[in-house]
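To keep things simple, chains are lettered A, B, C and D as they appear, and every chain counts its residues starting from 1.
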């Protein structure tokens, strides 16, 4: 293929990075959605009248019909475990000391991805009711991490 | 407007866990030279447009399309890049030819996954930066959630998922291009390290490096290059919601809709009968079952049983991933679809060597873009 | 070949920092484009998205992330990119979707949220250079523009003052654009020449601003387009071309890849004398000299002669060949992919006589939009007519 | 704009809106680290730099010598014929005086990026590098320059083994 010769002494690889530093605004919907979590400990959704769906987390548009959504509602702080997994690796791919339970918690027609707490690994069930546990108000910053985890509804 | 499109040449290189002897450009060049020799053409003279598939973060280069033309013989030609799977690229090449503007178009896809030292973090940067990424979950949580719901909804067992792995890695033993061939038992697979239960480490394809180039031509030009064209009779692609909060967990909607589009184009009323063999997404073992069902080859919940019973084995009624699939040839990132298309081409031409299927005339390739996407494509090819 | 028309367009304001997420910007533009031609998302057969490097939005596989905002839910969806050329490429992508016969109506969206790269989007450009042979020198985006501009000036004996006329014209034009970030009706050549030297010969006001924004257009096949609107704007020709990545192995004084792309588009449109047959041009103007460079590559000016055209006022809105009547990237803003598609929207509105305060006189019949990108390497061209 | 449209969306924020917390935001950064295989041609190029040599490659079909070397000629798509040792002198094809670093910090003394046409390569064939050890006002297109190498012990097989190019003394 190549007429040029390989030099076995040549540097094999060149090391480098792709520096990406990001700052995200939360958007029209996110700004209000996360303010409600931060200030009031409330999970909000928006209703699409056209499709009769309630988006959680609140969205400013319906992905199905592209209508603008301006009907906001408090959807409560609980939902049901729609599906779950027991995660044994961290973000970087190394083993976790303690495996954690990650779930998609169905709330209305949407839901939230989050971890489950106050529950043993073998106790999680499909459709199990769970509720959000918020950080203390003074520690909330307006992010998904303002919810510490979801736990079984007592 | 051209009415039919055929694949007239294929070339590939790599398909190994690491390829330290070649730069990505040289890896692509090797695949291109083979494809052009196979198609019996000179790219500088004969190929009118080029399509590549790539994503910047996999390459470690922004605006990576800059670096695509030289090693393809594509300099000063209409070249563009699709941020998609190789099958999206193949569909794009078909569209370019169908406009009537171009007669011969080449598609390229590659993986240099071994050059990415922080692949989990790179893929993690595809998670929604506001809703999901701050949680810092390993990317496998997504197939973990999806697999668990799929098992729950369909009654598919872990053993059935493991039987996909056993089959595909065994298939890979007779594919000289596949580095991950292995003779495993169900127990071997089931005893993998837990990763995102019910997903374990042996159900996740290992990454590999490789490059694939495919040359396509319009019907009126095909026979000036080759006497063994493989016709593209249907292409389809589709996205479900990218939002983890809105998608259908446990279902491969993207595969269902992409297949419907492709079947419609191919005029197939009964794809199960019309298609002799398929190469489908198996980056996670359960995906093979889920995708087969989504495309309608099996009713929901029946693909696992069929796999156990040998229906999808090379000598079964619907051979699936005879190549060894991504489990066997490795996860080639966005080149996965082209690797599957390559196998379909080789089988239809009767050039698949020891794994050659008997009397096959129509095959299907399907792919998924991987975590966290809900995006996939389907291409149907026929030797006739 | 199936005839394809632009039938609707929409865009957000171009702003330095948007509150909206990239998804929301895409959605706003998409919804406006649909409303402008009284269609709904159900009418759309497929979606094409353009967004340039993922580094800006700060999302890997950014096309997937933006797909719901772009209206791609359960639809065939693809993202194309050719660096800075993407904004004028994505309507070409839409064109081949329709011209192929696979789809009748396609939504085309272009988005860029550059403010997500923090603190400054410019730094993202380090990584467009070759990782082994160039990046260790810590290059930045200004380098390539400054190197190209200097080579262009040296080759043809062009002055900075001549080039500054472009910035003045475009920023003044942009004062009439309701989405513009940097419109300035009173800007002078002296202002440009006296602005901060960033990378000689490039001064601050020679450069377009980092911006956030999105633009969308709707494309339809002939028989559908004529039902949707009585003022379809036809895509008469498209062209694109990519030169070698070895940019230090070729002469930067002339963009031959733009010429190749233009020739492809002219041939498809049946244009033999572009200088007579093209009535409005929106060439890519991320830096002021680029507009001139591109007018030459498009064969609308002789090599080295474009500067005289701008100095003589030929390229003013009421001149013989209006160039960037929108205000261009220099004036409206430069959210990379969105900026290119803005040029398509501008030609669409101009040819329909809907450009309001920016309307070019004389009922222009045919316009051309062009973008450029990568390592001074890619040209993308669309010719539209009514 | 269209005169058919009355209102355009898009909400502009100031930096202070975000810094003062009037608007919420999230920071993140990519941990993207790579080890790119150098391969045949660039591997040899780097090995040459370590020895104080700039290598090119010759295409017998196009009769062209290019730099850096590559295994295929992008013009004729034939394999490159052989490596060619080039001189470490050249001519400034174009340059800039840049007062901004890659990460947008202002500097007083400009960096001088330039395309240097390398002696021994075909006309217009050069590399990106920097001009240095010179008063910036002296730099001009067409200037003859010579590589300033790091001491051999400090070279690592990188483009930065050349510190910069500086004025060739023979120029009057």
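Just so we're on the same page, contacts are C-beta pairs under 8 Å (C-beta built on N, C-alpha and C of every residue); 3 or more make two chains touch, one makes a residue touch a chain.
From a predicted model like this one, the values you see are computed outputs, not experimental measurements.
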| item | value |
| --- | --- |
| With subunit C removed from consideration, the chain sets that still hold together | one piece |
| Result of counting contacting C-beta pairs for A-B and B-C, higher pair | B-C |
| Rounded Å distance between subunit B and subunit C, as computed from the means of their C-alpha atoms | 33 |
| Intercentroid distance (Cα basis), subunit D paired with subunit C, Å | 26 |
| Subunit A and subunit D: spacing of chain centres that average the CA atoms, whole Å | 41 |
| Multi-chain contact residues (two or more partners), subunit D | 11, 13, 18, 23, 26-28, 30-38, 40-43, 46, 70-71, 74, 158 |
| In subunit A, residues with contacts to at least two other chains | 1-2, 6, 12-14, 16-28, 30-31, 63, 92, 143 |
| For subunit C, residues contacting two or more additional chains | 17-21, 55, 58, 60, 68, 73, 118-119, 123-127, 131-132, 136, 244, 246 |
| Chain contact graph, described as a line, ring, star, complete graph or other shape | complete |
| Partner subunit D, residues of subunit A touching it in the complex | 1-7, 9-26, 28, 30-31, 34-35, 38, 92, 141-143 |
| For the subunit C and subunit D complex, residues of the former touching the latter | 9-20, 25, 28, 32, 36, 58, 60, 118-120, 122-123, 125-126, 129, 131-134, 136-140, 142-143, 146-148, 150-151, 154, 177-179, 197-202, 212-213, 244, 246, 248-252, 349, 352, 354-356, 358 |
| Subunit A to subunit B touching residues, read off their complex | 1-2, 6, 12-13, 16-18, 20, 22, 24, 26-27, 30, 55-57, 63, 82-93, 99, 102-104, 110-115, 126, 143-145 |
| Touching residues on subunit C, where the partner in the complex is subunit B | 1-2, 21, 52-55, 58-68, 72-84, 89, 93, 95-97, 99-102, 124-125, 127-128, 130-131, 239-246, 256-257, 260-261, 264, 268, 373-375, 377-378 |
| Subunit B to subunit D touching residues, read off their complex | 19-27, 29, 36, 42-44, 57, 60, 69-71, 73, 75, 112, 114-118, 121-122, 125, 129-130, 133-134 |
